[in-house]
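Each of the next two complexes has chain A plus one more chain, namely chain B in the first and chain C in the second.
Right after this comes the complex of A and B.
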């Protein structure tokens, strides 16, 4: 089996890998934002509930969650497609991590930022949306890029719930051709090729969204 | 509108505040007339900043009353927002919004609280930036400005909301000596325009020149309250005397 055949074989799984990543982000981004902000603002019982939900998704083993949602839920009559289970479990797991980045970013802001907003008479939502979140998200952008890369790599687990992603294809090919070394090396490179542009994109975003730091460097 | 209560910008009566077991403000009473310039000084930890932060709801208090512009403030959201509409505050660390340009720092509240259109808000902001003499910095970010310029932007930002009372919380304490002057000049200009001001500051030259009254606080109490001439030449209380001595040496 030539290297080209191996690559073309793995490439057939790229659509699923990319699909799970993008579909997963649709879970991760809203979950991370909403729950991170909620944990920052909430007190008492509400905070306890928010924290519990985050901890469930953050502290559970992803692979077990995949099995539970894919194989166990149908027993009680809930059947989700493998794609949905994969995207939801991976997305909410990464979203749990991201929520902590959001909360940390908000908590790290100088207290004076909120107070200046309050002294000007701005409402709490306006302070959050116009003053706190823009600064926190910029500060957190390297961490978010980290999480997206982690999500791409974590998608390899969906091969265990029947999805034909790059990892699943590599396993198939190696069973047919029995050339595990070049095949898994190619798979390794395939994930790198998928992730590295995201890292580059992250650096570009950082430069774009940080006019203040750029301005300071410019002086 | 003719009784004397309405000539008072602020009336604080028997204000008490605790942080847990720590008694920060002990039975503070203070009246400030419209147009008055009050300087509050005292050693650090004496409760000066806490006192002025009680006036715009950045701190709550357990006992006593605050009457602002004729309205008694309760501990509720409506009264707090009323207090904040009437007061402008300048902080020791400027607290400009670093992700917004100077102009946007000034227009944010005009647009979000005042509901003003962008063009109108920007021309008003530019007017106040001219008043603090930095209209040319309008499109820069705070990090590109010197400390003195940043503090002047912070003053302009507060003025944009057309406050009836300006609160200054050690506005020059974070500044290098050469920048203190430019900020004090702006504040002096405001005083001459008739703005009611309460300034927590250690700038005794400013107090002497601008203040109607100097309030000296120590350990949560107002220890001495006098016209600057009296306060600086013949301070009554021994703690005021020793405070002035440490400032002069």
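Right after this comes the complex of A and C.
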């Protein structure tokens, strides 16, 4: 089997890898935003509940979550496609991490921002949406881009729940031809080609968002 | 099929019996990742061709999934006649994957050490190795206790990946029960709960250690 055949074979799985990533972001972004803001605003019991939900998604081993939801949901009568289970579990896991970036971004803002909003007589939702969130989201964007890379890499796990992503295709090909070296090295390369541009973009954003820190590191 | 709590409870002892294996894998991988990561970071700092090569290697590791690293080692090494047991391969895979992340942590830790420390050590006539071991490393460790602890927890959460290589850690044990009884939901849920409590417990423990270790030193 030629290298080209191997590459084309792995590429056949790219649609699932990309699909799970985008579908997963549809879970990760709303979850991260809503729960990050909720953790920032809430107090007392509500905060405890919000934190528990975040910690469940963030602190569980994602591979186990994937299997649990894949095998356990049908038992309680919920039947979802493997694609949906994969995207949901990987997405909410990344969303849990993203929520911490949102909360940290909000907490890092100068108190004066909120106080100035209050002095101008703006309502709390307006202050949040028009003053706090825009600044926090810009500050957290490099972190969030890193989370997207983590999500792309985590999609390799869906090969374990029978979805034909790039990893699954590589395993299929290696069953046809015993050439593990080119096949698995190509698979590594395939993920690198998918993730590295995102990483470079993240560094570019980081320089734009945080020029001061970059300059200090440069010395 | 319905969820059977008493069956779930009956799987607890079998799954818990593998906790030693899980902790062994986690401990060895933490050590391996820290050693490899530190060597990578020191080489990256030394500049020159090898510095550039290592810089690329670190980026490469961080842009590829851990599952694919495990497959690579597991299937490629035997092709060259290197036969290692799954446990060793698994620990090696986790060590390599997380060394890329720890190298970045070490970088931040070393960057934060005052320039004068290096200069003073040079002025005192210490060799490069002495400077690294006695001047840089101890101060670096103090700077990075928190992020390094977080990655150790990440490594613990990545140990169930080894179930894919049939290493008998807790997830592998849960799958053994599942394939014997054809009941997946219960053992997987039990494994998930044990892992979640373990991860939460250890991260609390690390936070406590940090406070204990760092409090007397903070100026």
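As a convention for this text, the second predicted complex is superposed on the first by the 199 of 219 C-alpha atoms of A that agree within 3 Å, B and C clash if a C-alpha of one lies under 4 Å from a C-alpha of the other, contacts with A are read in each partner's own complex, and residues count from 1 in each chain.
Throughout what follows, a residue touches a chain if its C-beta (ideal position, glycine included) is under 8 Å from a C-beta of that chain, and two chains touch if they have at least 3 such contacts.
If you're wondering where the values come from, they're calculated on a predicted model, not measured in any experiment.
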{"item": "Touched partner set for A:61, first chain B, second chain C, both or neither", "value": "second"}
{"item": "Touching partner for A:130 - first (chain B), second (chain C), both, neither", "value": "first"}
{"item": "Winner by number of chain A residues touched, once chain B and chain C are compared", "value": "C"}
{"item": "Touched partner set for A:143, first chain B, second chain C, both or neither", "value": "neither"}
{"item": "Which of chain B and chain C A:51 touches, first, second, both or neither", "value": "neither"}
{"item": "Contacts of A:113 with chain B and chain C, given as first, second, both or neither", "value": "first"}
{"item": "First, second, both or neither for A:153, with chain B first and chain C second", "value": "second"}
{"item": "Partner chain in contact with A:121 - chain B first, chain C second, else both or neither", "value": "first"}
{"item": "First, second, both or neither for A:72, with chain B first and chain C second", "value": "second"}
{"item": "Interfacial residue positions of chain A with respect to chain C in the complex", "value": "55-56, 59-65, 67-68, 71-72, 75-76, 149, 153-157, 159-160, 167, 170-171, 174, 180-181, 184-185, 187-188, 191-192, 195-196, 199, 217"}
{"item": "Contacting residues of chain B [partner chain A, same complex]", "value": "56-58, 81, 84-85, 87-89, 91, 93, 95-99, 108-109, 112-113, 140-144, 154, 157-158, 161"}
{"item": "Footprint of chain B on chain A - complex, ascending", "value": "110, 112-113, 115-116, 118-123, 126, 130-131, 134-135, 138, 211-213, 215-216, 219"}
{"item": "Parts of chain C lying in touch with chain A, wherever the complex brings them together", "value": "1-3, 59-60, 62-69, 71-72, 75-76, 78-79, 111, 153, 157-161, 163-164, 171, 178, 184-185, 188-189, 191-192, 195-196, 199-200, 203"}
